[in-house]
Amino acid sequence: MQFLEEDVGQGDITTKLIVPKGTLAKAVVVAKSPCVLAGIEEVSVLWEALGLKVRPLKKDGEEAKAGEVVLEVEGDASAILSSERTALNLLTRMCGIATKTRRFVNMLKEAGIEGVKIACTRKTGPGLMYFDKKAVEVGGGDTHRLHLDDMVLIKDNHLRVAGGVEQALKLVESSSFSKKIEIEVTKPEDALKAAELGADIVMLDNMSVEDARKAIELLASRGLRDKVLVEISGGICEDNLLDYASLKPDVISVGSLTKYPDPVDLSLEIVEVTRISS
Amino acid sequence: MQFLEEDVGQGDITTKLIVPKGTLAKAVVVAKSPCVLAGIEEVSVLWEALGLKVRPLKKDGEEAKAGEVVLEVEGDASAILSSERTALNLLTRMCGIATKTRRFVNMLKEAGIEGVKIACTRKTGPGLMYFDKKAVEVGGGDTHRLHLDDMVLIKDNHLRVAGGVEQALKLVESSSFSKKIEIEVTKPEDALKAAELGADIVMLDNMSVEDARKAIELLASRGLRDKVLVEISGGICEDNLLDYASLKPDVISVGSLTKYPDPVDLSLEIVEVTRISS
Amino acid sequence: MQFLEEDVGQGDITTKLIVPKGTLAKAVVVAKSPCVLAGIEEVSVLWEALGLKVRPLKKDGEEAKAGEVVLEVEGDASAILSSERTALNLLTRMCGIATKTRRFVNMLKEAGIEGVKIACTRKTGPGLMYFDKKAVEVGGGDTHRLHLDDMVLIKDNHLRVAGGVEQALKLVESSSFSKKIEIEVTKPEDALKAAELGADIVMLDNMSVEDARKAIELLASRGLRDKVLVEISGGICEDNLLDYASLKPDVISVGSLTKYPDPVDLSLEIVEVTRISS
Amino acid sequence: MQFLEEDVGQGDITTKLIVPKGTLAKAVVVAKSPCVLAGIEEVSVLWEALGLKVRPLKKDGEEAKAGEVVLEVEGDASAILSSERTALNLLTRMCGIATKTRRFVNMLKEAGIEGVKIACTRKTGPGLMYFDKKAVEVGGGDTHRLHLDDMVLIKDNHLRVAGGVEQALKLVESSSFSKKIEIEVTKPEDALKAAELGADIVMLDNMSVEDARKAIELLASRGLRDKVLVEISGGICEDNLLDYASLKPDVISVGSLTKYPDPVDLSLEIVEVTRISS
Amino acid sequence: MQFLEEDVGQGDITTKLIVPKGTLAKAVVVAKSPCVLAGIEEVSVLWEALGLKVRPLKKDGEEAKAGEVVLEVEGDASAILSSERTALNLLTRMCGIATKTRRFVNMLKEAGIEGVKIACTRKTGPGLMYFDKKAVEVGGGDTHRLHLDDMVLIKDNHLRVAGGVEQALKLVESSSFSKKIEIEVTKPEDALKAAELGADIVMLDNMSVEDARKAIELLASRGLRDKVLVEISGGICEDNLLDYASLKPDVISVGSLTKYPDPVDLSLEIVEVTRISS
Amino acid sequence: MQFLEEDVGQGDITTKLIVPKGTLAKAVVVAKSPCVLAGIEEVSVLWEALGLKVRPLKKDGEEAKAGEVVLEVEGDASAILSSERTALNLLTRMCGIATKTRRFVNMLKEAGIEGVKIACTRKTGPGLMYFDKKAVEVGGGDTHRLHLDDMVLIKDNHLRVAGGVEQALKLVESSSFSKKIEIEVTKPEDALKAAELGADIVMLDNMSVEDARKAIELLASRGLRDKVLVEISGGICEDNLLDYASLKPDVISVGSLTKYPDPVDLSLEIVEVTRISS
């Protein structure tokens, strides 16, 4: 609703002038390019809050073909016209993210790789973390941390302040028993050190495939592979995804899922107009 | 600040554990890929509100090379670490939009075309209209309408409700004298009709180059070309920009400026840590 | 609703003590003096949000005679009593403004003057711009700018900063093509200069009838009268309205419409009380 | 600040275009008509919150002559220009109310009448109760109830629901010991009854001077005049104020103080502009 | 609702995982210890706002035995589970306060003491004044001041600033006629002085029973006992309540009513689960 | 600040009347009973936001003796007086919670029991979760979950909906890898089952000491004691704390820490008043 306010200002003057009170309309939302749907629930909530009747023809997570009608909305014509852009902007972004996520998930599936999750990062649109992460989930990915208080995640800049892996892990020992502890490492030996010191998750950050393999083998050789989750992160794209995935980490996180959603296109078309006497 | 709250939840627990009170840090924001800067002002406001000292080395609108430091921030280490992601997400998006806008603007300049403005549309990130449009402006583009009450803009769905160009323009006659009236048309004849009926701006929507040329010639032949502004919109990309621009419209609007920003990359790096006794 | 909160504090203790739970009432709003109605829609929204049933007998824009019932409201007696003052304060102000506006509009009509709009200014009650301007519109006036970003309006203090009419108009050349440009001038020659430099609207501010006439004739003599809208503003009252209107400007703006609404009186009277067992 | 937001929308585009960053200005607020000042404190708070330096030359409650400078404000020129209208609208309203209040208070003083307070009612501008009542206080009046939970005040519509004076007073017996109880009566006998039943304040509502005199004499004859405060309300204007005041009630309340403030005029004038290099 | 937001964060992940969409549940709230009920209304409002159907079996103010079901709630299982803790926390606190208040009130009743009210103070939970005072009222106590603007209450620190009882009472003479004036005194003579100077209420603060008796006798001896309300405050507990009450003050205020509510226990139990196809 | 608004309403009228503008004061906060301090930081933030100078003499987490001054505050006398109650209410609650927490923590220490954490639950004051949990942390306890999205915690009512321990754990398998999974069990065998099915934490809820011992022994016998954290919860008080602690669980959670804080007392005393000419 806040999105809508931003857009409308003090009133949609065009619609007010063009559409007489008491005008009803029926509109359809059409996918103009093939996509995985996400945001259907969110725009339904938006439109229902405006008193409109919404009939989704497809659910979040399902695929739509180009030209397919995915949702019908019916009611006060002014309400539909004034919220059109807001709804489409939200829907387009969420579908774009879900579509990209699904693509990455399917690449693993098609390669026969199991047990490796695709996750997003916190590189989302500003103010859009909730919606972006929801779309990732709908697309089949893992949402990772939502807030900075969700888990303890020690990153490069934290290490610079703490002075190193050992010092950092020591400092977080007093955290609540209810949180997991993850640490970002850039060298295979540090992965080992982190696991030995009790980290729950070790993130191999910006490592080459070779280094990542070495890190995982080191963990295995000390019998620690089962004690920690391994996450690979940094520079993952379609070209190298399968190389990293073949190392069988627990998680591969991909910043571009929410930074550069797939270009999908949806539009809203009024298909019926009726007038009632006020 | 709202963006920050979204991100932080009830507190950045990692930073709280790692960084002792009274730790100061100095960090730099580095452009990892060449880009046009935008959002420097906005993140400065954010960081200053957190009590940090900000020293921009480049201004919004200037270009940065890969590897160049664009801004220094100094102060409480916790504040820097907790706001890092929020600031970078905002900066990355705004730079991406400004960079793309500048590219389009420069294409016209290099082709020697003058008097044609590049504008964005309202296809922005949800909730991000202000920031997205600001970035377009910084990149050298025109922001078009900000709110639905900025001007009267009659679009396809309005025409469906009104019944046609004539009916629609008649209905908006009673609007305040302080607003401009723009109408979207899809056929050359309708451009003529709209101009005759007093529209201030005629938008040629999704027309082929041929049709757009016809519309503009029609206007010229009736001596109306100087009476209206002509905007071309719909499906504009790098491949066809110059074809449309050669028709010398007043404005070309490009949805993808804010829908698919250029992929630019910036990072924050702590370069100095000092401790003061509390 | 915010208005209501302001008034009620932590609860209307009198009503709570006097009115047992489960008491229903029917009340009427009576015009105690003749007036043009405005705000009927707004108080209906307020009361419906409180769960009351509202039956307007007159619409916004219609006239009411002294003693006439304009609206019935029915439901929980406590809700009616606690919101009485809030609703009447809003209604009285809006009716007072609409009544005054209508009076000015009718003066022109009765004098046979056409094509001249009566507009209000931004001299509204603090925090009441939306309601005051809505009432002007209901009364038949033009709302002028709503926000400071609605159009470019260069006023006396802007001219002092810019250094003059020419400098100011030069500075605003880079504004978005979607906005009109208006400039305030105090000398007939400046009106001409402004029109020549491309202003969309020229406001003759605090000019005598003689000077205003001179300004308009100057514009006509150069063939510019049709290229700009002319607005007359400053010190307009019932005594001089027709003198200025006879010059056939496009707009006459009147600050007192919203600064000193006509004194109208409305009251709410409980006409029926019933009790239901809780 | 909320008032300012309402006015500014997403930015004062004129000021942004006209005033280069780093422009400083000094402006004065001038009383254009004689008035009692009120709101000087409030606009000072507003302007200081915008980072401006404010130097009041007169205090709230003092009188200003036509042409007198009452306040200087200095700092960022954009901030001054963008907040000009908001500040003046607030100041004008508050001065108008204080001026009217002072006039009524002085009428009593000049007639040598002591011990009678002039109070306002809750007929304020919508959303403006705090500011309107503050202005009454500054003018020398009594603010009466601020919120509906300030005291128990039984009005006509409450009496209709309760069934009469006796029933109503019985119902409020259980109210907190910390609140006063006031009741509105329209017949002299009811004033007596109310005092006998323990009301702290009796309001003689819309009574003729004759009836009001009768009510007060009745109270005196039973030795109750000292036990209750007497308030006279309804239709009080300059013409009848002294007649009612001569009856020596404790309070006379006047709705028009806040409903129809005196027409006063103040303006802001930029008197100095300087530029600093950014 | 704000309480709920605080609790839920960005979503109750357990409930989301465990409870399929379209699951309905019926739950009961059970008193696990005997108590006076309070907050039934408040949690009903909360749950109805979440779309749940609430059926209270007991009303606020009634007593519940251990094991008794006091309320049924039915509807979407997720909504019930996510709001369980929020609702119980509110209910438990309010019942604890009402139970303690009722106990104090009953002690007076059983001792045959009439005309003495039990009141709370402003020593409430932070942010909980409304709920705490409501619970006191439900328990049979007096809520005393709700806000700092409800009455004039001169406390010890005010006296330190003013310089003494006389000076302080002089300073508050100009307060609105609509407010009562109360003053805190610590010596019997000051009680007399305050009453002579026109205070409406005299609070005997932290006096021994002996001193309080002396103060009240002093007032009586000067014929002032009926002119003022006497409140006893400070260190009142079950052990000394009757001693103070036997002096027949008008009010005894007890800070611990809201500071240390009685330990009562309530729980929510799901008693029925049904699934509907979505 | 929100707490302050709640308390002050539209202004502290007593302070306004008693304290002339420009009065400065110095006050001290005194512990009237021995306590562990908490909330010093929070009230410092509050008071500094009001422009006051705060000098803490003790830090959060330190102990104060009866009579000891813990903090000095200095500045505008009105600001101190108007915020006195708000600050003390917050401080008293937080100190009460920290004091109780410390007492429980010390009991373990004195008994020589190591490696067992004392945690609070979500049974906090309504709306006070942040402050209550902060106070527990200051007292030496563990804050457990802050929000419902912090971890997956399957409680009794979830089990009723899911149908049992196995079904529930199966349902949460798809939760994000970044969250821990805890489950509440009431029978020793269920503890075993939960650990075998992969729960990270097993909560023994309302078990007798005997049953809790049995559960822990079962886990040990299957070599699972090191794979899960064991939390004991429900009915823990000073009388049985050591019995349960001797079983060496990882965590003992105690609802009464935040439900029934220790009764501590703090007061604010003005110690110096000075006047400056305004």
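Per-chain numbering from 1; labels A, B, C, D, E and F assigned in written order.
One rule holds for everything that comes next: contacts are C-beta pairs under 8 Å (C-beta built on N, C-alpha and C of every residue); 3 or more make two chains touch, one makes a residue touch a chain.
Everything numeric here is computed off the predicted structure, so don't read it as measured data.
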item: Identity of the chain that, by mean CA position, is farthest from subunit B; value: E
item: Centroid-based (C-alpha) most distant chain relative to subunit A; value: D
item: Between subunit F and subunit E, distance of the C-alpha-averaged centres to the nearest whole Å; value: 23
item: Distance from subunit F to subunit C - Cα centre to Cα centre, in angstrom; value: 54
item: Gap in Å, rounded to a whole number, between the CA centres of subunit D and subunit B; value: 47
item: Junction residues of subunit C - those touching two or more other chains; value: 9-10, 130, 146-147, 149-151, 179
item: In the complex, subunit E residues that touch subunit D; value: 117, 119, 142-146, 149-151, 176-180, 182, 201, 229, 231, 250-251
item: Contacting residues of subunit C [partner subunit D, same complex]; value: 2-3, 6-15, 17-19, 23, 25, 27, 77, 80-82, 84-86, 88-90, 92-93, 122-131, 146-155, 157-158, 160-162, 168, 171-172, 174-175, 179, 256, 259-260, 263, 268-270, 273
